[in-house]
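What follows is a pair of complexes built around subunit A, which joins subunit B in one and subunit C in the other.
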Partner chain A sequence: MTGLRYVYAVCRPFGAPLQVQLTGVAGDPPRTLTHHGLVAVVSHVPERDFAEEPLRRHLEDLDWLTETARAHQGVIDALTTVTTPLPLRLGTVFHDDSGVRIMMEAREEDFRRTLDRLEGRVEWGVKVYAESEPQESVRPAQKPASGRDYLRQRRMQTRSHEEMWQKAEAFSTRLHEVLSAFAEDSRMHPPQNPALSKATGRNVLNAAYLVPRANSEEFVELVDRTKGELPGMRIELTGPWAAYSFAGETT
Partner chain B sequence: MTTPSRMPEPYGQGSGANLADILERVLDKGIVIAGDIRINLLDIELLTIKLRLIVASVDKAKEMGIDWWETDPALSSRARRDELTRENAELRERLARLEELEPGRAEKKEAP
Partner chain C sequence: MTVVERREVALVDLLDRLLAGGVVITGDITLRIADVDLVRIDLNALISSVNAQVPSPFEELL
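And then the complex of A and B:
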């Protein structure tokens, strides 16, 4: 009984060994499985957690999901330092090694094409947050004296809110233009959920940029220069990630 | 002067990357392969998971003053949004047809 095979990524053979202390999902250190000149990075995982029913149940459990997602990302991250991995979506599980080999054979051409496209590139995440409150000056200084007063104040508040969002949007659009002109490719993601990100302010831009490793430092500087350009805007940079957002076939 | 071969230090990644950053990538991005174990993550998309998380802890969230899901359009189901888009398009089309059928109706109405 050797359990199931959880696959993290497919990549080309890499010389450097993975970090010894690296533990993958279910605490199993990732191993490499070479087939037809490609490498699948896999962990042996127990059926009691990764067979269809338990896996489905676990995905509803935030603690389990968080732990597994971090472990998955940890392995991808380690791979990113030694090669250009094609990250698979969380929860790609096979019965045994031969199942993994069959999959690698079936997708061989895809993998090679995508590996060629992404070779030497990394992903950078850029998020812009707008502080959600309008400036102090437009808040009503005193209680409205009349219904008409009240309505006027409401109108002013609404207008200043709108102006702020317009500014935030214009700023994000311009930033995205600058960054995508530098990057090889870009993707817009939906704004993040504050309950998960624990971030303050409203997420007005959530984008990913595909950048050659060699140009990464310059990209980071480009982002850094825009910080503090517009008051009330906060810019967050994450990465370098494996090219998660660019690994799919869709463009 | 930049050194092309050197990568900058990771920014906010690893244990510091926020959960949403990680989840949106490992669940929503990356290559989709049908494994032997058939879990369709497209059925359990990130939004659905988020929604379920929130539903599971609605009271706690409300205590914390988090009520964004009540207005967040991202949390209405995709189907509902599609439905609205479709309905909008239909209404616009009907309106256009009506305007074609009765040119000058608006002006007539406004005339004394």
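And then the complex of A and C:
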């Protein structure tokens, strides 16, 4: 057996087989490795791409990263249809099966505890954007007549921007309070880079919520109800995701 | 039954989760890359090299 082992997730044993057409990372269909009553979902990956140095290099290549992230997500997504997977961080690679087994044994208790906590739960992502230029009217219509005029216009612009961010911040804080109260847990992600998201407006909230699958519909309705509450705010919902953001120990 | 329509997952939402979420395994068993905090991958540099022509909409606010 050659090659390294890329591990996607750890799960409790699941009865259903994985979809046969599933292509994993590096095009290697994922297989299961059972140890001590837990299942690791694994692909065999070539050293030329996944050994430390090449992997590090590849991770700086957006196309490679995209392809690998999508393949990883494809496997996790397939797992969510048959079980509640505990996803591992992208790029978790072992030398061989025995390395995977040693890891499973070392982390067995953690894994069981986290799997219990996440059982039947999904993650929803909620993002709030403040549309970037709702205050067109304060832009100077004509050239300032003097230096003092210019400074006054600048001050007005700055003040109205500040007001807008304050409103956006207050709106996001309140929304987050409402959603956290409904959800079992929440995590804040850093605001997204607009160059990558290609989204318009400034991302003022980027949060993840852990919700029992059974309550998901209610959660989605809760988010939908806040849409259009405040002009200039755009709310985006993503999911359901496997509980990526909640896979670490609780803080 | 899904509560919302499945859409193509945006890369940026995926990377939020795959690079910052998931269980982190450290130690001698894994290749060292797993020790690296992937969040520190310089995504900004990565992105700006790809999208050099796309200006940030907030530049004028800074």
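In this section, the second predicted complex is superposed on the first by the 248 of 251 C-alpha atoms of A that agree within 3 Å, B and C clash if a C-alpha of one lies under 4 Å from a C-alpha of the other, contacts with A are read in each partner's own complex, and residues count from 1 in each chain.
Here is the rule we go by: a contact is a pair of C-beta atoms (placed from the backbone, for glycine too) under 8 Å apart; a residue touches a chain by one contact, two chains touch by 3 or more.
Note that this is a predicted model, so its numbers are computed, not measured.
Colleague: Let me test your reading of the model: by the given contact rule, A:28 touches which partner, first (subunit B), second (subunit C), both or neither?
Modeller: After superposition on chain A, A:28 lies in contact with neither partner.
Colleague: Could you tell me if A:191 is touching subunit B, subunit C, both of them or neither one (first, second, both, neither)?
Modeller: Once the two structures are laid over each other on A, A:191 reaches subunit B alone.
Colleague: Once the shared chain is lined up, is A:99 touching subunit B (first), subunit C (second), both, or neither of them?
Modeller: A:99 sits against subunit B and subunit C alike.
Colleague: Of the two partner chains, subunit B (first) and subunit C (second), which one does A:200 touch, if any: first, second, both, or neither?
Modeller: Only subunit C; A:200 stays clear of subunit B.
Colleague: Tell me the contact category for A:161 with respect to subunit B and subunit C: first, second, both or neither.
Modeller: Once the two structures are laid over each other on A, A:161 reaches subunit C alone.
Colleague: Touching A:214, do we find subunit B (first), subunit C (second), both, or neither?
Modeller: After superposing on A, A:214 lies in contact with subunit B but is clear of subunit C.
Colleague: Shared contact residues on subunit A for subunit B and subunit C?
Modeller: Looking at subunit A, the two contact sets intersect at 4, 7, 10, 50-52, 55-56, 59-60, 62, 65-66, 69-70, 72-73, 86-95, 99, 103, 107, 114, 125, 189, 192-198, 216-217, 220, 237-241, 244-245, 247-248.
Colleague: For subunit A, which residues are in contact with subunit B within the complex?
Modeller: 4, 7, 10, 50-52, 55-56, 59-60, 62, 65-66, 69-70, 72-74, 76-77, 86-95, 99, 103, 107, 114, 122, 125, 189-199, 213-218, 220-221, 236-241, 244-245, 247-248
Colleague: In the complex of these two chains, what residues of subunit C are touching subunit A?
Modeller: My answer: residues 2-4, 9-25, 27, 29-34, 36, 38, 41-44, 46-48, 50-51, 54, 56-58, 61.
Colleague: Which of the residues in subunit A end up touching subunit C in this complex?
Modeller: 4, 7, 10, 50-52, 55-56, 59-62, 65-66, 69-70, 72-73, 86-95, 99, 102-103, 106-107, 110-111, 114, 123, 125, 132, 161, 187, 189, 192-198, 200-202, 206, 208, 216-217, 220, 237-241, 244-248
Colleague: Which stretch or stretches of subunit B touch subunit A in the complex?
Modeller: It comes out as residues 2-8, 10-15, 17-33, 35-39, 41, 44, 47, 49-50, 52-54, 56, 61, 66, 68, 72, 74.
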